[in-house]
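Below, chain A partners chain B and then partners chain C, in two separate complexes.
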Partner chain A sequence: MNLIHKTRVSNFKLLNSSLFCLVTLNLLLLSSCKKDKKNDDITKAEFNKSILLENIANNVIIPRYDSLKFIVSNFNQQIQALSQPVSANDLIEAQISFKSAYQTWQLCSSFDFGPAESIALKGSINTYPCDTLVIKSNITSGSYNLGAASNLVAIGFPAVDYLLFHNNVNLLVDYFNDNAIGANRLQYLKDVVANANQQVELVANQWNSSYKTTFLAANGTDVGSSIGLMVNALNMDYEKYIRDGKVGIPLGVRSLGIPIPGKAEAIYSQHSLVLLKTSVTGLQNYINGNGSESGIGFDDYLDHLEAKHGSELLSNKINTQFSSVITKIDALQASIDVEVLNNQSKVQELYDEMQKLVVLLKLDLTSALSILITYQDNDGD
Partner chain B sequence: MHQLWNKIFQPTSIAPLITFRVLFGAMMFFSTLRFWLNGWIEENYINPNFHFKFYGFSWVTVPSPTLLYAIFIVTAFAALAISLGFLYRWACVTFFLLFTYIELIDATFYLNHYYFVSLVSFLLIFLPANRNRSLDVYLGLTKRKTHVFNWHIWSIMLMLSIVYFYAGIAKLNYHWLIEAQPLKIWLAAHTHLPLIGSFMDDNWLAYAFSWGGAIFDLSIPFLLLIKKTRRIAYLLVIFFHGFTSWLFPIGIFPFVMILSTTIFFSIELHERIWKIARNKDEQQITIGKSVRVIVRSFLIVFFGFQLIFPFRHLLYPNNLFWTEQGYRFSWRVMLMEKAGYAQFKVYPKNDNQYIIINNADYLTPIQEKMMATQPDFILQYAHYLSSLYKSTKNPSPKVTAFSFVSLNGKGSQRYVKEDVNLTEIENSLKPIDWLEKY
Partner chain C sequence: MKKVFVSALAIGLFATACKKKEEPTTPEDTTPQNQMPTTYNFSPADYSGQTDRLDMLTELSAEMKKANDGNQVDSTVLLNMFANTNSPFSDANLNASTKQLKNKCYNNVGAKDVAYFEYLLKRQGQISANAGNTWSAGNAGVATSGTKKYFLDEYGAEYTQIVEKGLMGAVFYYQIAETYTRDSKIGNAVDNTTSDPVQGTDMEHHWDEAFGYWGVPTDFSSTNNSGGRFHGKYSTKGDAVGLNTSTKVMNQFIKGRYGISTNDYTMRDEAAVQVRKEYEMILVTTAIHYLNSAKANFADDALRCHALSEAYGFIFSLAYNSDKKISTTDLSTTMGYLETTAGPTSIPDFVSITVADINNAIDLLSSTYELDAVKTSL
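What follows is the complex of A and B.
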């Protein structure tokens, strides 16, 4: 899991190529485990939900949290080691670490239940766009409570994205070394990263101890069951945060088709496309139960239930639709905030494909597994 | 038939009616409390900004929170008063009106057994269930009686029988009998259960439960009526409702049915429970001819409606499960697995520029879920969205839906026709033509 590149780079072109390395590495990591359906047939007798839960916990969720914890912790150490005067190299190294940390987070954002939900990890790690006015005022005052709800827009990766990136790296260096405010700015960066690190660590540790037992024990399909929690959380993540947050809202689906690039993810580091692709492929692997090796996932559960979409296996249909979404992501070149302005129709095509996947996940998958898609408890008859 | 008509005015023991009054009132009291304690008053009625309505009842509005809580308090006390037989008629009228009013506020929460509760509490208004073992008698507000007329007991029995039998008729369809759907999907989700878990995804079990359920519903009223089979029938009632209650989130409905069907028990048993000995003098009671006419007319109108209304879906050419025209108020209980997804586009300015609506901004999760599969809700919501975005320039903005429904495991299919402007469609009882074919 060597995602942190220790190479010295001094300009953005190099940075880009290093980013490319990161992406390839990640894609390798993620796609190495495309599963061969034929070798993986589960006979009816073999399948049970406990095997599914065990594989998803041990092969997907916990390794992802572990690697997030590792990467964020390294990033944190790197940031805490900074001192004035800050050099351009310091910042560029920090930027690289940040990007891989942000990218790794995308693999965990669908797990918003259990420990993550109880400390509202998602909100504190990735609420965007960040509010630069709040950040600036926090820096100026030098006193802030990062746990306050009003500071959700001033912490997490989006805040670091703002603090660590600028078109002109030298200007950024000046900001951090500024006589009046530089020390505060550096301290704020350190505090925000430390805060994120602490939260991630908390959740990762819980998954490695008590919560794993809880997770494996809740092997039903009712509202509080682990399968119920996972399916609800992944649908919420896909529909609200991936489709709407990363693509739809910047595209202008809530604003009469007028793009709002400022609402895209990672607008300062400009790597929203990588983040988007990571989250989509990450979701697909999660659903298929694939981690470092392929395993039992929701696809196998669906096949076991003989879930169909028309005449086709639902699991196939879902994976085909994932491919269509990924194809449309690959058709984009720049980051989302740029593409919604220059290539609106292509982003629209992406949104339309993503929308079809919502139907398959929220409707077909959920209904086939007989899971209540509701966060509200109520009677039926 | 003529004989039956005369028999309804023959005297019988009041005891079964006392049992029913006490149990029904108590259940309604606890179920009202449960509703409150679950936080559903707030979640279902106060939090939502928008409420779905039943056709013809759009005039029912949600009261202020304080008034609503007051209504629930009064409803709970009315239920308790029914159980205790205190100011019984007033309690019945109050309970019937308030309970029904609450149900009419938002059609999202429609449940067949709420409809059953409304109907039964309406019937109770006309039944002298407070004439023994009641506070009314104890306080001297009414005279004690040991007899009532047969129709007083029979109307409750008939109402219960209709619920079962019609639920059974509703199961006689291709999905249920031939495909064993939706049970095939629902049961397979329970493989984690102890003992029986390993059978839950077996096809034969889904078929056994589907056919067993249909036969149970169709035959149970008769099995309960016949003395010889009554004991085993009641055990079946307990097993059937107990089992479904264990498997599915169906709230208090199983208990309502288990306790209500005690009215089928023998008169002697009820008399023993309440220590009521029949007063021979009352057997001579006669009743005026005009009263007989009124009672008979009432029974004909009330039960005639109950018998015919559930078949109104036959007036529609469409697939009942798909369009749901005539689906409610027809004892179609746990009959299909239907899930939907609907996303709306509103065109406030012109027919090209749209806003995609985030349903969570206007609907609670359960409202959104219910809306996505029920055409009249989709239409009401679309009209509501249109009204939110109207302006002097554009008084009725166009609204279209991207909507899919999956029925009984068939996979998602497009539901609302893609280009239909929902703003232009009136909510009516006419056959729906703006949905895709199933």
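What follows is the complex of A and C.
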């Protein structure tokens, strides 16, 4: 602040017209900067970002991954224990475990940075809709590399959703016990679940060891800082996967308003509404730093900065908007794929409320925290 | 209001004074021509031939991209654009230009050569007969993600990107690294006394030609890095993670040119080595950037294949510098992670690629180029 240099006389010779332009520009820029800082006279202690990171790691992210790991691991054991002949009861029990595992995943999908990003967990665990042709062809051939990009549409929860659910559970039992293909089908189910289990375990273990240290140490707000990573990942998750993937695309926002129910989540188990609500409330709790107990989150950070939306505190505005979204979710009854056909206007209302939240999270929150959104590729090609 | 104005004026002056400070201020050095400039502001200097080639690649690329909108492209036109024959360009100045991309393109063993690029241009023409189809694994067509559309071959390779990024390597980077910063063009045997009013001396002109291939404004730097084209545009990837790539490359270009103009050949030779080294970082940081992008969009065929096609072009471009930091073996291993063996040759395969393959490629590049600390942020 006090680095004022003496201006040498010779410099004035250089003040030709173009430099005057520059100076004028400086004036405009600097004077507008000044305005913003007018009521910043009282120097305030800087927000302790380390406390936020500690709380979010210990109270939100790690417990969520731990519980995902636990639930998916149990589900995996249950599936690996299956053998022919498979009974209806086996499948019904597997369905229950599956639903709970899929639901728990929703609480982790916003953490797509660090270990999860490194192995592209989100893509391998929840790319939907699955491609039943690819799944069938893998089952028939019995030979596949589940890691290959071409198999993303044939693995993860959506593939299990397809393999484990059918209107008629007896028909499903027959599929698994079929003489020709049943063994392959069962093996494929086991391989897909084992693959998901292995990936979840890898990410959860890294959070419990080396990555936690890395996460806590990157306590700035620059590109690559933990706050920057979290804000980018949660915005991308909300905008692209929750708003578009779960609601907008099935609703038809990318298809001239013509609904595409087949693009909804969990179309075979038909529990997309539960998954949607879990992901939205999960995101809200994450932003507020709330886990098994409430703690320091982005809401506190925003309040510290006195970030406002209009005259209202931005943190309040965000939470109110979350409530509006949840109210619209609660107004729906069946799964999304059914509602986009039978109740299109109500899903549209939900989408509109969700859109308002995008603005608050992607513009207001990021600018208040000075976080650069880096997930959009600006190449334009 | 007035108060604000006065203090802003003071700061305005302070900002000007600050800019000045960076220049050497010893009393002897008051005449501008005796100071190393902070921008690539030399006179006379001319690299219009390079600008022509950048413009040619822009048009070639745009022609190839027509397949993205479902149109078949004419490979004859593409090949004509590559060789500047039969007036293929919409810009009449380019048709009239004596310059071309093909005769400056690397054409020897050990790296992608003229025949490789011609093969891709021909094949783009052939398979874009399917540009009306939706892409699927095993079938060429257009892959879509939101508003983005890319025409891909049956393995997910986007020839437009491989050709564009590849020619940036095989022409622009190759000419910089192997021709215009080497003895044959800037060595002591090259004339540095007879100054042409437009181009300066031969030695100056050759160095300017190297600079011209970078595709940046003369005042480009890490803090002023907009307006770049081709590698200039991608220099920003390193800047974004604090590597100051643009400034480092620019400083070496300035230093070399200044060394030549002041007959300081030690300075020139240092800069020649360094400019190749810093420029290489543009390629590798961008390659890692696109590999990350492919991973982040792994489930999205259009975005994954597009990003991998970009990455592939940047990776094989590393070969066009005999002083490259990565060993030939490691480079071939890195490319191998993105390829499959089909028949006698290896071709890019973005369908059966795994995240582990991409991570292997990132890790090998980042450890070779000491970029481990920023590899996830690129």
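Assume the second predicted complex is superposed on the first by the 327 of 381 C-alpha atoms of A that agree within 3 Å, B and C clash if a C-alpha of one lies under 4 Å from a C-alpha of the other, contacts with A are read in each partner's own complex, and residues count from 1 in each chain.
Here is the rule we go by: a contact is a pair of C-beta atoms (placed from the backbone, for glycine too) under 8 Å apart; a residue touches a chain by one contact, two chains touch by 3 or more.
This structure is a prediction, so every number in the text was calculated from the model and none was measured.
Student: Quick one: classify A:N145 as touching chain B (first), chain C (second), both or neither.
Tutor: So A:N145 only meets chain C here.
Student: Of the partners chain B and chain C, which touch A:A120 in the superposed model: first, second, both, neither?
Tutor: The second partner, chain C, only.
Student: Applying the touch criterion given at the start, work out whether A:D174 contacts chain B, chain C, both or neither, answering first, second, both or neither.
Tutor: neither
Student: Once the structures are superposed on A, label A:R254 by its partner contacts, choosing first (chain B), second (chain C), both or neither.
Tutor: Both partners.
Student: Touching A:G224, do we find chain B (first), chain C (second), both, or neither?
Tutor: second
Student: Could you tell me which stretches of chain A are touched by chain B in one complex and by chain C in the other?
Tutor: Dual-contact residues (chain A): 222-223, 254, 374-375, 377, 381.
Student: Can you list the chain B residues touching chain A in their complex?
Tutor: Residue list for chain B touching chain A: 38, 40, 43-44, 109, 111-113, 185-186, 188-193, 201, 248-253, 333-334, 337, 339-341, 343, 348-349, 353-356, 358, 360, 364-366, 369, 402, 404-406, 409-412.
Student: Under the definition above, what is the set of chain A residues touching chain B in their complex?
Tutor: 44, 48-50, 219-223, 240, 244, 248, 253-257, 304-305, 307-310, 314, 317, 355, 358-360, 362-364, 366-381
Student: Chain A touches which residues of chain C in the complex?
Tutor: Contacts found on chain C: 4-5, 7-18, 20-21, 30, 65, 137, 146, 156, 161, 240-242, 293, 295-299, 301, 303-304, 350-356, 359, 374, 376-377.
Student: Inside the complex, what are the residues of chain A that reach chain C?
Tutor: Against chain C, chain A makes touches at 3-8, 10-11, 14-15, 19, 22-24, 26-27, 30-31, 34, 112, 114, 117-120, 122-124, 127, 145, 147-150, 152-153, 222-224, 254, 374-375, 377, 381.
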